Amino acid sequence: MQTYDMKVVNHREIAECTYEITLQTDVFFPAEPGQFVHILVDPPHQLRRPLSLASSSGREITVVYKTFGEGTRTLANKKRGETVNVLGPLGNGFTLPEQKKVMLVGGGVGVPPLLWLAKELHKNGKKVSAVLGFKSVNQVFYRREMEEYAEVTVVTDDGSSGEKGLVTKWLDPEADVYYACGPNPMLKALEAQLAIPGYNSMEERMGCAIGACFACTVETTDGGYVNVCKDGPVFPKGRVKLP
Amino acid sequence: MSLHVHLPGLELKNPVMPASGCFSFGKEYAQFYDLDTLGAVIMKAATKEPRLGNKTPRVAETSSGMLNAIGLQNPGVDKIISEEMPFLNEYALPKIANIAGSSPEEYAETAKKMSPHVQALELNISCPNVKEGGIQFGTDPDLASNVVGQVKKVSEVPVYVKLSPNVTDIRGMAVACEQAGADGLSMINTITGMQILKERRRPLLHNQTGGLSGPAIKPVAIRMIHEVYPYVSVPIIGMGGIGSAEDVLEFLLAGASAVAVGTANFHNPFVMPEIIADLPGVLREYGFSSAEEAIGGAHY
Amino acid sequence: MSLHVHLPGLELKNPVMPASGCFSFGKEYAQFYDLDTLGAVIMKAATKEPRLGNKTPRVAETSSGMLNAIGLQNPGVDKIISEEMPFLNEYALPKIANIAGSSPEEYAETAKKMSPHVQALELNISCPNVKEGGIQFGTDPDLASNVVGQVKKVSEVPVYVKLSPNVTDIRGMAVACEQAGADGLSMINTITGMQILKERRRPLLHNQTGGLSGPAIKPVAIRMIHEVYPYVSVPIIGMGGIGSAEDVLEFLLAGASAVAVGTANFHNPFVMPEIIADLPGVLREYGFSSAEEAIGGAHY
Amino acid sequence: MQTYDMKVVNHREIAECTYEITLQTDVFFPAEPGQFVHILVDPPHQLRRPLSLASSSGREITVVYKTFGEGTRTLANKKRGETVNVLGPLGNGFTLPEQKKVMLVGGGVGVPPLLWLAKELHKNGKKVSAVLGFKSVNQVFYRREMEEYAEVTVVTDDGSSGEKGLVTKWLDPEADVYYACGPNPMLKALEAQLAIPGYNSMEERMGCAIGACFACTVETTDGGYVNVCKDGPVFPKGRVKLP
């Protein structure tokens, strides 16, 4: 495993407080959909920031992030040509489904890894639907990109774009399997509501992001525990007690 | 340039090792470099029974530091011996087991099981993150002496005591532990802190408080080691915010005979091999011809 | 949005004031902005006799923090009253005198002289940087009670006690001070630390140790205030690493009724007026309709 | 008093680990020789760095600094076009002399403020000699610049440029007054050796740099104390007990 000094080749705001950054590496970077990277931010920040891969060609990776706190705000200042240190790829990606009709459910910055997954599923001849939830119209992104691979339903809390309400109101009843990435309450609601099998991509605060510090440990439904960073971030539905 | 340092039970080819809890049982960082590069390894805390630890969030970030409240999660001493030690045993480097418990007897029982498998024990009497896990032992010299005494009776290897900085009188704690038979001291564990999640109007960590580590606490670690050094004759393993070979030298000068690196591993997984590579040059730059020569150098 | 907070002896139009020792007696920062922008002013420590303080170097820089060992330099209480107070008296804002001493009697004598000229006293029983200046009073509940009791007898104004974080049991110290008659608490003073000058193989500060302040210690301050708040009924003035209106809110939620800003002034001389200007927006953002409403908000 | 966000218009290494930075301001910056500025460096640094003005036109200031520690190393990374926050001008400048023959004695980065002073003295028709001490040839700077205004003697510890030894060996015996800026041991040696009046520009570690924190307090020879930042950094010879 390795860290990479990557060059910023593209960096733009694609929605309110939501940035897409593309980083270039000299050394081949092997990754698959669902994996994440752990990105170093400038001092006084000690901890890296875990961010999902929105795509990777092996030479270029793209990540989409929202500026919640100080670390991501610092990252947002990085200019083209500057360097970002990346640890990764980390965690286990999505297991591709046996089933034919696949629904992707993304909440906010949970959408980017699903875009890459959609591309793979599409390539594999699956029928893909995507329900993408955002707070409001200013926050919507990757709609068009997703439409290349999936039947897209955009949902906003206030109805300012697409449908109104929560994603759970606008699910695809035909799907045989689902992949969800978003806040825990969304994952929980989906687990409760959907009878079909599914996969959750989880978030937890991390230290090492490689399984060494137990910062991101969550209980499994069988009373054991797993680390989101190393054993996840993607877990089959029902494996983990969603906090 | 010799980086070799000698401590009871530990012949270290260099004075740098991972701090307990930041390195699990070694497997993960072995993906980055050969563990035998390190002076030794200090393992995650072991307790008699498995512990699930605290609920998440377990970590928070602070200015030049972090808070953690892992809560001594570990699979229990038996599983550590059967499932984690075999991997580490493929490496030649000295192994130090970190031991926690909720009573002197529990410490002793775990220590007894662990000691045949390692070169030294480090008693964690200073974990601020569990109700029953140590910190009461780390803030009362009599309780600390009792734990140390009981462990010393059963341990086959030297016993280091990891002191809590959350005390009025660190020197008193150190002296009490030495008198109770400690072969060495580890200083410092984390300083109890808190962060409040303004959105939720409550402490961010599920455990409410957590232990502060990282560069923010380095001056406190240096002060405590410098304060204790003249009053004990056992060696000190220093830790708290180390991230460079210069930092290591500062700890040696303050009085540490070896050092442990915790939080910095999360920042840069290669930090320890980098420090070890840099150390000879830094020692030379400041006029030392070996690591041992620098130990206690700031006392006159 | 009301920023008004009420504490014994102090009606503050906003909860932000300079921390003692970082603002001298106000003249210098008055070159940057109108001091009446501030909620109040806490002056540099006053002692019975003039003090020269420690030799330089008196400050060092650490990661997200600094160490200081000024050593209570001040012209003595008489000169402060005759030469420094006239300037401050041209401003309407409440004045708080910080008092230090080497015996309860000395505290009382200085307090007695000072109290007619100010709205409140802050007893510095926690200065880590002088042999005879306080920290022994700040680490022993009985000594602290004695000082507080003697000062209360002679003071015409409410008495706040500034606690040292260098203790095992901050709650015990706080409760002891309240029982001895303290009208309020100030938390926290600096954490004792050290930096070593590798070139010289000795502590960088002439006084060897110094007090750590700045963002590095914020989580410790928040923890201590949060720990003490449920156990006392007197208000707390919070300090330690504050540099933004968000930080102020975090302190209020932890249990502070007002705050003081120290180190951040050196970083940005305009930091306090900026914080005061930002505070209404930050309170609103997190759903508060006044500063007072946020006090203790993280306790449930 | 004010802080200024100034733009880097020039930044170059003029000798080993010695940088000259020129900063531009929109607002008029009033300053005189001997004054200094307190420069903000990036996190995790809390304290600013006090640096003497090597010149100021009111719109542009120049500072020369050596990268000793982390703060100045961070400053050295600032690129043209970036912004540096400056507090100043601070302290009291040099009092110009009555005397005719003036000697300037500079050690290392003590030289820059003397260059500006030399220019003023020259303008005022004084006869100026300058003894400039450096470690070795790689560290020498501002020799030519100084030669425009003064009779220059360069001295290096190892004799690799100019004369060999310490500046105290190569003083101008004809001078009626001297101005010294450099490390305290140099200032002390000069005080002991020279019978003529003089001025010392002192260095102390600083917090506020405006007289509010007492970080930089030094004892005066009459038993009082002064703050280097506010009462200095220039003091007449004999006023302060040099540490």
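So that you can tell them apart, the chains are marked A, B, C and D in the order they are listed, and the count of residues begins at 1 in each.
In this text, contacts are C-beta pairs under 8 Å (C-beta built on N, C-alpha and C of every residue); 3 or more make two chains touch, one makes a residue touch a chain.
Because the structure is a prediction, the values reported are computed rather than measured.
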**Co-neighbours of subunit D and subunit C - touch as defined** = A, B
**Item:** Farthest-lying chain, centroid of Cα atoms versus that of subunit C
**Value:** A
**Item:** Whole-Å separation of chain centres (CA-atom averages), subunit A against subunit B
**Value:** 35
**Prompt:** Distance-wise, how many Å sit between the C-alpha centres of subunit B and subunit C, to the nearest whole number?
**Reply:** 33
**Request:** Averaging only over C-alpha atoms, locate the centres of subunit A and subunit C and give their separation in whole Å.
**Result:** 45
**Item:** Rounded Å distance between subunit A and subunit D, as computed from the means of their C-alpha atoms
**Value:** 54
**Request:** Check each residue of subunit A and list the ones that touch at least two other chains.
**Result:** 43-44
**Asked** Do you know which subunit C residues sit against two or more other chains?
**Response** 62-65, 214-215
**Asked** Given which chains touch which, is the overall layout a line, a ring, a star, complete, or other?
**Response** complete
**Asked** In their shared complex, at which residues does subunit B touch subunit C?
**Response** 62-65, 67, 139, 166-169, 191-196, 198-199, 201-203, 208-210, 212, 214-220, 222-223, 226-227, 241, 246, 249-250, 253-254, 286, 297-298, 300
**Prompt:** How about subunit D: which of its residues touch subunit C in the complex?
**Reply:** 1-3, 40, 43-48, 71, 87, 204-219, 225, 230, 243
**subunit D to subunit A touching residues, read off their complex** = 42-44
**Message:** With touch defined as at the start, can you tell me which subunit B residues reach subunit A in the complex?
**Reply:** 21-24, 27-29, 31-32, 44, 52-53, 55-66, 68, 70, 73, 214-215, 263, 265-270
**Message:** If we count contacts the way the header does, which residues on subunit B are in touch with subunit D in the complex?
**Reply:** 63-64, 215
